[in-house]
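The structures considered in this document are given below.
Consider the two complexes below, in which subunit A is the common component and subunit B and subunit C are the respective partners.
Entry: the complex of A and B
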């Protein structure tokens, strides 16, 4: 796997923009306590204010500072995004690689489960389950991960099937290595770039899902979330402050997803090298 | 006629012969074979009762125990019934007598002939052994080595002995004289039993009916000489034959590791033996009859390390290998020769368990291999065709060589690194930190293959399967790698399954060659037989197509 992911992304214009956006978002999330001027949860009597020097984006219906909520919302969004990204990539790798190495009945069972999940529309399932259990951030991460590792697993399995035919894997087997050792030392390192692409797509999907679920009002209402902020904005559409709640939030969410999309798109040739020629032409 | 039982000879503390049992029939030639210092001469001298050390046991000659005879009685037998040709001709002959006189001496001394008869007989003998008439009255120093040897033979034969002991009779002669004198010895008096002490296997094959191999004062293998020479069963005998330059074997010369040491507890050969087990160190093996041969070895001679039985592997409807049965002995090289696609690599991978066989079994040291765990891979290792592929591009030289030890969880980190360094030294690679931290792409093809070989050797396997290890290397590097493998075989007793399409290279490294075609072994035999007298048309065409430096413009043709 002599594909340089860094080079791939750097050479693509949108890729660079995507990286910049992502870094910006991560910086905002990390520096939230510094950037925010108020406690995002603190309610006050000064509700429904228009933007001013004290409240850059005004306040909401319970008097919380919208800018502070926007900044802290980035944390929720990225936390869910990266949490799901890591967990679902991990699950996808474990099941994909183990299916490829172990083979036999185990592989058949795992891959049929994967097929089944891919056929079922994930959005509906998540909405149904979330509406029922009102997940906290942690359960949301778990739920989204459990429903989104399957696509990655298929790619990992395909890649591992080809990697396991390599000479050094055969050599390791001829030293008496077991599956775990081979996966850890010889397969996963070579999956690197693909893992990253899978990870980015998982993050993007999770950010989108989290916002969507919050927008529908079926997540933990005590956590600041961009989706929830947009939902509040729409429910106060008869007042002239709603656009200050909606537009910056919408822009932040869109930017995050666009950033992830750009990076993912730039890195895609790693999975499908044939795309490279087409893009040059 | 001659029966030796439990003969022990020692010079002071030095035990030279340690329990020799021998039998010799009338008219038979028995060769006692061994390196210098094994006690061949002592054995001859003991029979003549000329040895200076302490002799115990029995030497029965025509029913009489020579060791219990009085000096006088022995005097009667010596030179009349038992004669000996000594090794150093010019030391044995008396410089102040003419050769004719010297030959007459034993006849007159034993009162068997009058002076006149003795002279006639001496002249006849000298004539028989081809000494020109005008040399009869020469003094020993006037004769060449070959002529002196002839005189000695004539002298020994003077009284028509029943037993002739020949100590290195041909070793001081040049090739032409050797052939001549050899013939004379063979032809002379067919009723006379001959005991031939020599290290020269050519002499053995030309003169001896049976041979006994002596090592460390003991007979370790005995049997019909053609049989033993073509298929030695004791590791020492095989090593001796491998070390002997001759026109029959095609494999490169190989020495024997270590040096003869004594005294040694247990089997005298065990310090140099590559298949020694615990019992070899403690107990002396007995010389026992074993499938047409006498062998003194706790393991019953050279063991069969790995064998396959009707091994078949199908990929779908394609039979990649079909009913392959072969065996590899400890310390030998079996070459598997065949064209691309003949199933060589599939066979190797099936033996290694990288493919599941469709049918058939693999046996390691006689035990069927069911599931291959660490134990199997500790014994059997493989060097893959393409080192660039088989070495992970992510592992440095040190990491790659340590990897098998990591997997097998042998030793501590430090011990593993130490072992890796040692093996890298064995394959003649530098052991500097700089080299150890290099990655495969920084190495040359030859270096990469050496690293791959080192990696396969780090577990001290008994069998190395080398799949075209030199396919990607040029001739000079190939020569180095092949030499390296032969040396490793000499030092470690490594068995090898050497896979190649190049029969010219195969004959240089292998004891036996198996020819593979379309997944089947079509011919198998010792390399010299395969090369000199191939039975199959395909083998002949392989040989015809093999590399040669002679112009073959007009002789290349396909098929048979």
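Entry: the complex of A and C
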């Protein structure tokens, strides 16, 4: 596994664009309090205003500043996205690598559960559970992570199985190294690029899901979210407010997902090296 | 590829779905009657009704007896009673099902055919300008959530230009019949199908293109070229057909996505299918309907995945040697 991931992404045009979009979104999320001109939750009587110097994107139906909500919405999206990305990649690595190293009945049971989860449609489960518990951001991160680590675990296991047979791992084992030591010192470092691809796709799925659930109105209604803003805006689609309320929000969400897709696709030859050369050839 | 092991996978998945359906409402804090029957049931609640409801699912009994009552009802095809519609859940869902099947079916066919064709064309020209702009364009399109695409189409073609109707599946009280009725249905169907198709086009496209690129490097492609076969035969019969296989394996997962995608698109266009029903049920906290839809959708997707697993070795005999 000696593939230079940085090179892989840099050599792809969309990959570069993706990185730029993502950095921009992260910057917006981090600088939200600076960029926002109002408290995103502050309601006022000045509702459904058109854009002006005071309200760059006008105000919504309860008089909240749309621009400020847009900027703070980036935080929710990225927080859920990166939270799920980290947690589900972590779970996938733990189960995938341990299944490959321990083997036997343990591997069979883990992989059976992984396969079962892959055939169940995840979105509908998340909707059912959210309908009951109306998840907060933290619960949502936990819920999505628990339901989305399985795909990654499968790839990680396959890779760990082949790494396990390498000379240096066999040498370490002959010195009496423990499973955990082998996993930490010899397997996980070589999984690096695959971890990143898995991470990016988990983030993308989570951003999508968070927006979708908020659009359905089954997330925490007190947290500003792009999905929720679009849901509110939809009910006023007969007015011209969609131009500055609905479209910028949808574009922000789509750009985030497109950025993640581009980076993920550029990094994909790491998993499937035969695809290399498809971009530049 | 198909073995006893696969059946075990599906049994586990099925049991997980049932367990979720059974335990989730019963584990919620507060009155389980409310979590099982929904808000509306509590409003209509009389002592007699309450006693009947408790009895139906054996709610005053230990958990394992409740489980027995649950399975008993399920295997008689009883999905529960919606107090919001004051009707059994199953007919309510079945009444909405044709619209969703129409919407999902047309989008699935359109996005598969278009996706595979574009994938073959793009993979054949890999690295060219056409390929690269198609790739970037479709990956960009892939980033648009289906409900946002739907809203854009709705605003452009419905609100601004008024070419297509804004909501629903039929013009109400129009008294249309025959060809006029069919045209009316198609006019209402157009925008939702367009949104769903565009949003799910990239899946099949990317997969076909990737396989196409690997297939083109196969030795049999060189042989076919050496035989002097025409470009068209090479592209479609030799490379194209073999590039479609992974798309088939993905159809199950993909269908799950289109069905849930339909939920969002139906909401945007107030299209009266199962998705819109679910949305109304979420608003009204009509849990029996939500549970019923969940069970039906999850089990259908499982069954389809299972059938695809069964048929795959017939489509690609190589997989049965590999295992």
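The rule is short, and it goes like this: the second predicted complex is superposed on the first by the 276 of 281 C-alpha atoms of A that agree within 3 Å, B and C clash if a C-alpha of one lies under 4 Å from a C-alpha of the other, contacts with A are read in each partner's own complex, and residues count from 1 in each chain.
FYI, a contact is a pair of C-beta atoms (placed from the backbone, for glycine too) under 8 Å apart; a residue touches a chain by one contact, two chains touch by 3 or more.
None of the values given here were measured: they were computed from a predicted structure.
Visitor: Putting subunit B and subunit C on the same copy of subunit A, do they fit or clash?
Guide: Here subunit B and subunit C can both sit on subunit A without a clash.
Visitor: Hey, is it subunit B or subunit C that touches more of subunit A?
Guide: With both complexes superposed on chain A, more residues of subunit A are touched by C.
Visitor: With the two complexes superposed on chain A, say which partner A:186 touches: subunit B (first), subunit C (second), both, or neither.
Guide: Touch partner of A:186: subunit B, not subunit C.
Visitor: Of the partners subunit B and subunit C, which touch A:174 in the superposed model: first, second, both, neither?
Guide: first
Visitor: Should A:104 be classified as contacting the first partner (subunit B), the second (subunit C), both, or neither?
Guide: In the superposed model, A:104 contacts neither subunit B nor subunit C.
Visitor: Which holds for A:166: it touches subunit B only (first), subunit C only (second), both, or neither?
Guide: The answer is first: A:166 touches subunit B but not subunit C.
Visitor: After superposition on the shared chain, which partner residues are touched by A:128: those of subunit B (first), subunit C (second), both, or neither?
Guide: second
Visitor: So after superposition, what is the minimum Cα distance from subunit B to subunit C, given in Å?
Guide: 15
Visitor: Once bound in the complex, which stretches of subunit B touch subunit A?
Guide: 349, 352-354, 372-374, 376-378, 381-382, 384, 386, 388-395, 403-404, 407-408, 452, 455, 459
Visitor: Any idea which subunit A residues touch subunit C in the complex?
Guide: That would be residues 13-14, 112-113, 115-121, 123-125, 127-129, 131-133, 208, 211-212, 215-218, 230, 234, 237-238, 242, 246-247, 250, 253-262, 265, 272, 274-275, 277-281 of subunit A.
Visitor: Where on subunit C is subunit A touching in the complex?
Guide: On the subunit C side, the touching residues are 5, 8-10, 12-13, 16-17, 20-21, 24-25, 28, 35, 126-127, 132, 135-136, 139-140, 142-145, 147-148, 151-152, 154-155, 159, 206, 210, 213-214, 217, 252-253, 256-257, 259-260, 263-264, 267-268, 278-279, 282-283, 285, 287, 290-291, 294, 297-298, 301-302, 305-306.
Visitor: Which residues, counting only subunit A, touch subunit B once they are in their complex?
Guide: By the definition above, subunit A touches subunit B via 166-168, 170-177, 181, 185-186, 189-190.
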